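Right after this note come the structures.
Common to both upcoming complexes is chain A, partnered first by chain B, then by chain C.
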Partner chain A sequence: MNEAEQQAFEQEIYAFVGEVVYPVTPAPDDVNESMIRHWCEVLGETNPAYLDQDWAADSARGHIIAPPAMMYVWGQEGFQVTTGRAANAQSNLVETFNRHGFTGVLGTNVKQEYFREVGVGDNIAVQMVIDNISERKMTSRGPGYFFETLATFTNRDGETVGTQRFKVLKFIPQEQPAAAASDDGKLETPTRIASVRGHDNGWWWDAVDAGKVLIQRCTSCQTLRHPPRPMCHECQSMEWDSIESTLDGEVLSFTCVRHPQVPGYPKDPICAVIRLAEGTNLVSNVVGCEFEDMAIGMKVKGVVEQVDEKTALPQFYPA
Partner chain B sequence: MVANVKDKAVIVGVGNTRFSKESGVSELNLAVQAVKAACDDAGLHPSAIDGFATFTMDANDEIEVARTLGVGDITFWGRSHYGGGAATGSLHQAVMAVATGMAECVAVFRALNGRSGHRFSAGVSEGVMTADIIHWGWYMPYGLLTPASWVAMFTQRWMELTSVTKDAFFEVAHATREYAVNNPNAFFYQRPFDRAEYDAARMICDPLQLFDCCQESDGASCVIVTTPERARDLKQPGVSVRGVAQAAAADQEQMTSFYREEFAAIPEMEIAARNCYEMADLTPDDIDAAVIYDAFSPIVLWQLEAWNFCGFGESGDFVLDGALRPDGRLPTNTHGGQLSEAYIHGVNGIVEATRLVRGSSLNQPAKDVNHALVTSGVGIPTGGALLGKLD
Partner chain C sequence: MSDYRTLTLAEVSVGDKLEPVDIDVTTGLVVCGALATRDFEPVHHDKSAALATGLPDVFMNILTSQGLMTRYATDWSGPEAVVRSIDLKLGAPNVPGMVMTMSGEVSAVDSDSGVVDINVLGENNIWGMHMQGTVQLALPREG
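Now for the complex of A and B:
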C-alpha cells in the first residue's frame, strides 16, 4: 500500500466513525432469575445478592439483582449468528479491512462501566456505535488499526445502566515466532524475570526463597548495608553476617509501571522504595491497595510471597 | 583542584544523519555518515582524524569506523560508560586527548538504531547480559524495568519535596516542542501540541506521561575536536571547550541510586557543574543558552538547579517564567531536544550547543550567545561542558 492508497483507505475506514451498528434494541427476554443462575454457574459466581432469594430479601435492596457484567448478555443474538445475519456498520467495516489485507482480528480489551443496578423483570436495551479508529500502528502482530465500539445499555425507563467499550485490532498477519515450549511440549507460562545469582547476592535471594528478607551486616562495625556488597563502605571490613528484617517500613517514593506491559508481570504493578525499620532501603512492590491510595510516608508491612510458579519476592501491604 | 584544559580543544565540525524511526541501514552506516558530515562541515578529509571517542554502549568498533571512512592511523580511542551519561563524557575524552597531544583530531560520535533495533523502552528485560546484571536484579523481579520507571521513582519524591507540579513538566515539553516545529530533522517537525493533548496522553509510569518521555530514534551525531591552532585554519568558526567535567557521586548506582540518605537529588551533576564553572572561570550568569539532557521532562528541571540557574525547588517557577523560550533567560534545547527532535543519546545536543555558539541554530536566540552549556544524562554518572567562541 503506497501513501496515496493508504490515504484513500484511511478515508474509507474513518468514515465509519460515528456510524450506528445497532439502533436502540430491547432484549428479547426480560431480566430473569434462570438466566442469572446459568450465568453465575458458568462463571463460578456465588454472590447471594444474585442467587439467594431469601438472603436478598433481607438485604438492603430487598430483591435479587443481576450481575452488572451480565448487561451485554441480555441482548446477545442467538443461534442466528452461526447461520449468517444482516450486514451492519461493524460488519461492513470489518469487510473493508479484510479487502485491504487486514484480515487478522484480535479483541484486545473490553471496558465496562456500570451506573445503575438491574433487577428481575427489567428489560435492557442496547445501542451500539463505532466510536473511534486509531491511526495506523505497528504492532507485534503486524501493521493494523484499533477500532472501538461503544455499546450503551438502558433500562425500561430509558436510564443508562452501563456502557461497554470493545476494542479490536485488525491487522495484516505476520508470521509469528513459535511459542516457547518446555521439553514435554507444554506451553510455558511466562514468569517474572529473575535476578541472576552471583557470589555477592545469591545468599540474599536464597533466603527470600526460604521466606526471609535479610540485611547484610558488617561484623566489624555493625553497619547494615543493602544491596549486599563484599566490603563494608564504612570500615572496609570484608567480614559480614546478616540480620532478618521485620519488614516494617515506610514508603519513600513509588510509581505505577503502566507501560509497557511485560509478560509474566501483573498489570500496572506498583513499585516503591521502602525504608525498612532497620534503616536500609529496599525496592519492592506494594500490593493490597489502589494506586490512588499510595502516599509518600505511608507505613507498610512486608511478607515474602510466591508471586508466580518460579518466583518468591517480598511484597508489602499497607500497615 | 580542577585539572585545566580550558580552551585547549575546539569543536570545528558537526554532523547529523537523518533521524528516523527506521533507518533501514546498519549502525556502522549511520556512524560513518555522521562522521563524514562533521568532516565536511569542518572542511576536513576523514584522513585528518587520528582519534575517536564514543559510548561503551555504541556497537561500532573504532577500527571499523576508521577503515570504513578511510581514516588512516589512529593513536587514540576512548569510551565513556553509563548510557546517556557518556554524551559529554565522550567529548571529555576527546578534549583530554587533544589537550595532551595524544591525538590531534578526534571524532566524537554516537550511532544507534534506537527504534528499529534495540529499544530503550524495552528496558533491561531483553537479554542484556552485562557485568551489572546483578544490579538490575534488584529491580527486575518487581517490574521496575525501564528508564521511565526509574526516573518516575525520583520524580515522585522530588515533586513531594519541592511542590513543583506538572505545569512545569508541560512547560519543558512544550518549549522544546515549539522549537522542534521549526526543525525539519525533528520527529515533531510542524507538529505543535497543547496542554489538552499533553494531559490526554497515556500514563507511562506515574507521574510520567507519554510526552514527558523522549523519542526512540534511529540516527547518529558527531562533532570533530581539534587543537585551537588547527581550528583557526578551518572552514567554520571554532567553538572552544571552556570547561568539561565528569562525575559520579558517592553511593551512585546506574539510574537507581535509591540508597542515598536523600535520593531525590543529582549530586553528581552538581560536582560536574562546579568543576566546569571553575575550569572555565565562568558563572551561571555568563551562560546565554543551553542544551540540557532531556530523556524525561523533569530531569531538565533538576539540572537547572544543579547548574545553579536557580535554587533547589525553584526550577518550576524558573521555567514557568519563560526561561527556556527564545527570548527567555536561558533558551534551552533549541533543536527540540530529545523530547521532540530525536534521541541520539545527547550527542545531537553537543551538535546543537555548537550551533548556538556559532550563531547558526534553526532557533537562534536574538541575543548574542557567547557561552552555551551542554549536559549528559542524569541518574547515572554524568557530566557537562561549557562551550564558547574561539578567541
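Now for the complex of A and C:
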C-alpha cells in the first residue's frame, strides 16, 4: 500500500466513526430470575445479592439485582448467530479492513462501567456505535488499526445503567508460532527452554542431568573455568578434566525477572550470579527465598533439581 | 440474619491481597459459560470452528471471563459491595485443560467516593496472562 492508497483507505475506514452498529434495541427478555440463576450456576456465583430473595429483602438494596457482568447478556442476538449475523456498520468496517489485507482480528480491551444496578422486571436496551479508530500502528502482531465500539445500556425509564467499550485490533497477520496441541489432543505443558548442547559444553549439561555440577579444570596448570570452553585462558592448554562442585556459594549479584513472564518458567524468578566455593561463577536461580530477603554476599547451597518434566537445573537455597 | 459479611471501606487498605483462586477451564465451563451468557458464536461451542481459527479447542468467551472476574472481586468484598467497573486487557485464550489462577491486590482506596480499585490478573498455566486489569467496587462505610 503506497501513501496515496493508504490515505484513501484511511479515509474509507475513518468514515465509519460515529456509525451506528445497533440502534437502541430493547432486550428480548426482561431481567429475570431464571436467567440470573442459570448464569450464576455456571459461573460458580453464590452472591446472595443475585440469588437470595430473603437475604436481599433485608439488604441495603431491598431486592435482588442482576449480576452487573450480565449487562451485555440481555441483548445478545441468540442462536441465530451460529448461521451468521446480519450486516451492520461493524461488519462492514471489518469487511473493509479484510479487503485491504487487515484480516487478523484480536479483541484487546473490554471495559464495562456500571452506573445503576438493575432489578428483576427491568428491560435493558442496548445501542452500539463505532466510537473511534486509531491511526495506523505497528503492533507485535503486525501493522494495524484499533477500533473501539461503544455500547450504551439503558433501562425502561431511559436511564443509562452502563456502558461497554470494546477495543479490537485489525492487523495484517505476520508469521505466528502455531498454537500447540500434541498428537493425543492434550495441551502440552510448556517447559523451560532447552539448553543448547554442543561439542564443547554438552558434557556439562549431561552431568547436570545426572545430578552433578562440574567445573572444568586445566590439566596443565590446574586453573578452573566456567562456562565450559576448549582452551585454558591462563596457559592456552586444551587438555582438561573436571571436578564436582559442592555447590556451596555466595551471591555476587541478583535480579528478579518480572517482565515478560515466560511460559514454562515460575513467576518472578530470582536469577543470581553465584560465586562457588571452588572459585568459579555460575548463573542460576535462588529459590526458597523472597526477593526482598535477598542480599549480596548471602550464603547459598545448591542442589540439582528436576524443575519440570524435561529439565534438570542447579537451584540454590539460602544456606 | 446474614452469614454474609461485606468489607467496609475502613477495613481495606492499598496493598491488601486477595486470596488466589484456581479455576479449572473445562469444556463444560467454556461451552456452558457461552450458553449462560447467550453467546452462540460457534468458536465457543464447536471445536471444528475453533480449530479453523488456529486454536486447539473451543475457548472461553469474554463474558464468562468478565463474570469470573467480578465474582472473584465480590467473593472477596461481600455482597453489599457495588461493582462500578471492570476494565480488562485481554490476553491468551482459556482452552479446556488449562487452569486459570486469579489473583488481585487493592491498588487504590478513595475515601471520598467509597470506591476501591483492585488490580486483578487471571493467568492460565499454559499460555500465561488471560486477562488483566482493574475491578472497581464501592464499599459501604459501615457494616
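Please note the rule applied: the second predicted complex is superposed on the first by the 176 of 319 C-alpha atoms of A that agree within 3 Å, B and C clash if a C-alpha of one lies under 4 Å from a C-alpha of the other, contacts with A are read in each partner's own complex, and residues count from 1 in each chain.
Definition applied: contacts are C-beta pairs under 8 Å (C-beta built on N, C-alpha and C of every residue); 3 or more make two chains touch, one makes a residue touch a chain.
Everything numeric in this text was worked out from a predicted model, so none of it was measured.
Of the two partner chains placed by the overlay, only chain B lies in contact with A:Cys256; chain C stays clear of it. In the superposition on chain A, contact of A:Val273 is made with chain B only, not with chain C. Considering which of chain B and chain C touches more of chain A, the answer is C.
Touch criterion met: A:Val81 reaches chain C, while chain B stays clear of it. In the superposed model, A:Thr25 makes contact with neither chain B nor chain C. Once chain A of one complex is fitted onto chain A of the other, the partner contacts of A:Glu113 are limited to chain C, with no touch recorded for chain B. Residues common to the contacts of chain A with chain B and with chain C across the two structures: none. Residue ranges on chain A touching chain B, taken from their complex, read 192-198, 200-201, 205, 226-227, 233, 252-260, 262, 265-266, 269, 271, 273, 280-281, 283-285, 291, 296, 311, 313.
Those residues of chain C whose C-beta lies close enough to touch chain A in the complex are 1-2, 4, 29, 32-33, 35-42, 54-57, 62-64, 66-71, 74-75, 79-80, 82-90, 95, 97-98, 123, 125-129, 133, 140.
Against chain C, the residues of chain A that register as touching in their complex are 38-39, 41-49, 54-55, 58-60, 67-70, 72-73, 76-82, 106-114, 117, 176, 178-181, 185-190, 261, 263. Within the complex formed with chain A, the chain B residues making contact are 121-123, 125, 133-146, 148-149, 152-157, 160, 202-208, 251, 256, 258-259, 263-264.
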